[in-house]
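What follows is one structure encoded as structure tokens, with my remarks underneath.
For clarity, chains are labelled A, B and C in written order, and residue numbers in each chain start from 1.
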């Protein structure tokens, strides 16, 4: 094992400030406000996740949708990861740090492909996509949660978003595949990227678990804040960049129904596989969202409310079963320690979404020759970039000078945060209490 | 007392999956996307809670309002009930389960009355109403919180929403009564339905309370998340299905002002009736919302900002007094154990709203003969369906094989949930601490 | 020290009810719904924070923006202050009380300057401004958090909003200064008003701190709910009353980027100045928001994305340094005990925003002679009204019969709230602990 240098005092501030200053300089060179003078080229904007053109009317039309997505990124992902008993500060706090940097970086990386007169013209559509690009990082963050330093994670942010933007451009513009809700290019990509990183950063010392790798009662409730906000606003995530009007409405309805159906199957399977038929919070916090992931690719297609609900039903089942049976196997047999189980929430449901998209296109009324093949290529491309990109990123993150925490300090905020002295106090008072009780018994 | 069979392992998964599959089949038969080709019949849609026609412009116009209502249903109701010290998982988790199933069932039950070419055409307006229909169940859930099994509650969901849809149709289409914010058809109905169920499920064993039937410091803070989100978005709840334009604006302003005024009276009365003039969290969490309930029926009427504030003022007073003086009497004298005090937040304020609506219509400028009588009939109908429907539902829920918890396991997540070993750990660490201390002393 | 009479039983209910009833009467006399018949005078509305006219189209256009601001006021400010270990009820609860009364009072005080036919016509624009006016009080609340009674705070609310409305009118209508995001008239004003009050209410007895003037692990997580909601919706705060269209888009983009940039610098400096390079939750909860404050005045100006990010970068640095080095000096040398450090989050960044506005106007393309001077006068006016108004208000609040808590009961909910028995248990165990310690010492 490398010698650990987890004191961030110089490392972290320098990396963070240098990255931000470089970013500001790049913004100074390339980024301007949208002035509304590019509607002729409007088409370019909208290839990001869809090959249909959006008939934008007012610059602020998409703003409420943007705010819903914004809440998913910062509250949803941030609090979903607070389930760990002693890692809440890092979950919400580092989530904020990575997303705040990631959205700036994503705006640049995605914008490069859509320059107008050599400039990136920022509008609501572009900041929605910038938020989207950070989602890939936050998903991967879940796989390595508790085992990485802020510096390592900033490095992952840069690399993952850069590679994401290449794959996104390939999928949307070159292959012209549909992925309006990004099952493939965000969820599957983010999950397998993170799993590849986790594999490279495998810790044999955690083979038998870690006392802090678990929840307490209130940390599970904080996590439910994240779950419920993700669940509620997912229809916005899947429809934000869909064609306005009835296509967007279709994306909302499909996601709304898929999620509702998914809740029932996730609860049913959780009870079925758990001791005495009890519900497991890990399943409820995560598998109830799989329906949103899985319906993403074909959210704006005419799959019928019935089709959307079937996708949600299946997603809830495989996701819950994955948490129960697959995650332990990945950890013990493949050396993939997936802290949040992103493989079950984003990985498998993301692939399911990609496959559903292929089927939907193949069975679709308006047959387009080769369309199904393009969808398949998009899924393969997303998985390929994820695994290779994640592995390379993992090796860079493994370099010994990024302040990675030693095994015993994993899943513990106190290594990177000033933590109030609560615990010690409690144990002390409890110990004393017990002590005095013993005394009283004498 | 029946022999308890609280192991949900087969019961719950089977009920949940069978219900979901039946629902999916019904959706396959009857539910299609709105294609915008029914504006001629648009009128029908809007009789749901209002007898005025909506001039819909764009399919997504109501989407931000829908999301506000969505947050009230899933975060608002869910977290409001987390005030119990050991029942947070069930409060948020079962709330999610019931609402996720209820919105699907509500979409069907409400849609039956508005078929177009034999189909239910889903649009934003209909999913707002589907969310509304679940609110009745979540209100009733509050009355029986901690004393019922997930299976019992799923049964309540089906029956309560089915009966709600009948009463709603009667009130809105047959009686053509106004109830834009649903004081009568949601709040009063949901409250008295739940109280009737609670009466039938009366538990003499809890006559003297239960150690877990109370809050702890942090559980009261979690509950405030629910309270504040309900409070903030209530103007959306009361105006979502109002006529667009200035009528909708009126509904927003009346609700905004009624709630603000209600906060002052709720705080004042709480301090007045409490020991040493201290504020009671139960009152703050609930009575501050009574203004939203009470202004519901006449939210879109020209009652004047001044009228809305008077309604809120009165609602805050009666709600707080209800919690302090009426709830204990209901429990001890009438055998109605109302866990969350829904009678004070939804019952009495709902009736107040119905009465305010009668007065507002009677004094209204544009006199319509018989209108006031129709409003009164709507209130009576809502109460009648609630009490009878709730009683019948209660008897069905009382059947001994739905896994109802025994008295000693009430208000405790651990009977239906895997709960982290926090407590034990503390005792353990306490033991360790003590042990080591003894060692040290030796 | 005055004799303390902290029993609120009569004092608080009477003050609260009398204030509300007077307010309702004033609403009855002066407030009506907007009927859309004043577009000719529409200009008046929009002088509130901007001297440009808004081309209002539909009465509900601004509603989603209003709800974002609403969330910032009630969830954002309310939960941000829950970081104190034993003061969460008061933070969220009194925040709700003050904001609920303040928005009614603000609607009257701001409306006086824009009467139409002797009436205040309420529309979404006016309720957004009413919410804004409460922000000044909630900022000042942060400075005196834990050391004042509900009655004292209601008095502060009336006086602060009344004075705010005068300064706002002077700045917007007389000086015609730009302050779309209100860096000067809300943030700087609210901060220095609160600091002046805190100075007058200086408590020598707290010179060496107070055991409850600190956080515990979960209270810091509750505070992050407030932080993240403020952070996410700040673009709405800064753009809500901007000219619609591309000007509003500019305000959104500038705020979005300034906040993102600010996060990086706040984290970097926090790590740089803290023991072992660890992050400090106080900095993360507050300094990450300074970018939103500082970009407020020039949010709708053409400062370029690059300019907005620079402002955010600087704001994050000075805010974090302020928490680390300036707050202790203010307390020890100037007798200003600033509980939440509002000087660092709202005070200095507010002034920075005002200065940035002066520079932006001076360097602006369309030169307007004297414009920069007007901006400077607006800043001076805001600071002057704040300090003088705050001092006067402080002396009124200091009168001995408002139930101010004694030093030992500061930062403790239990003096004004019924607190669940959890505490007693702790105290008991602590007592035991102490007891046993004594025993051990013997």
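Quick note on the criterion: a residue touches a chain if its C-beta (ideal position, glycine included) is under 8 Å from a C-beta of that chain, and two chains touch if they have at least 3 such contacts.
On a predicted model such as this, the values are computed, not experimentally measured, just so you know.
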Numbering shared by both copies at the chain C-chain B contact, with half separating same from different: different
Superposition of chain A upon chain C: rotation angle, C-alpha, nearest 5 degrees: 120
Whole-Å gap separating chain B and chain C, where each centre is the average of the chain's CA atoms: 33
In chain A, residues with contacts to at least two other chains: 64, 218, 225, 428, 430-431, 433, 435
Residues on chain B engaged by chain C in the complex (per definition of touch): 64-65, 68, 85, 214-218, 220-221, 224-225, 228-229, 231-233, 236, 244-246, 248-250, 252-253, 256-257, 259-261, 263-265, 267-269, 271-272, 274-281, 284, 288, 302, 304-306, 309-310, 313
Chain B-touching residues of chain C, taken from the complex the two chains share: 7-14, 16-17, 19-21, 23-24, 27-28, 31-36, 58-60, 63-64, 67, 70-71, 74-75, 78-79, 82, 86, 88-89, 92-93, 96-97, 100-101, 103-104, 122-124, 127, 150, 218, 222, 225, 416-423
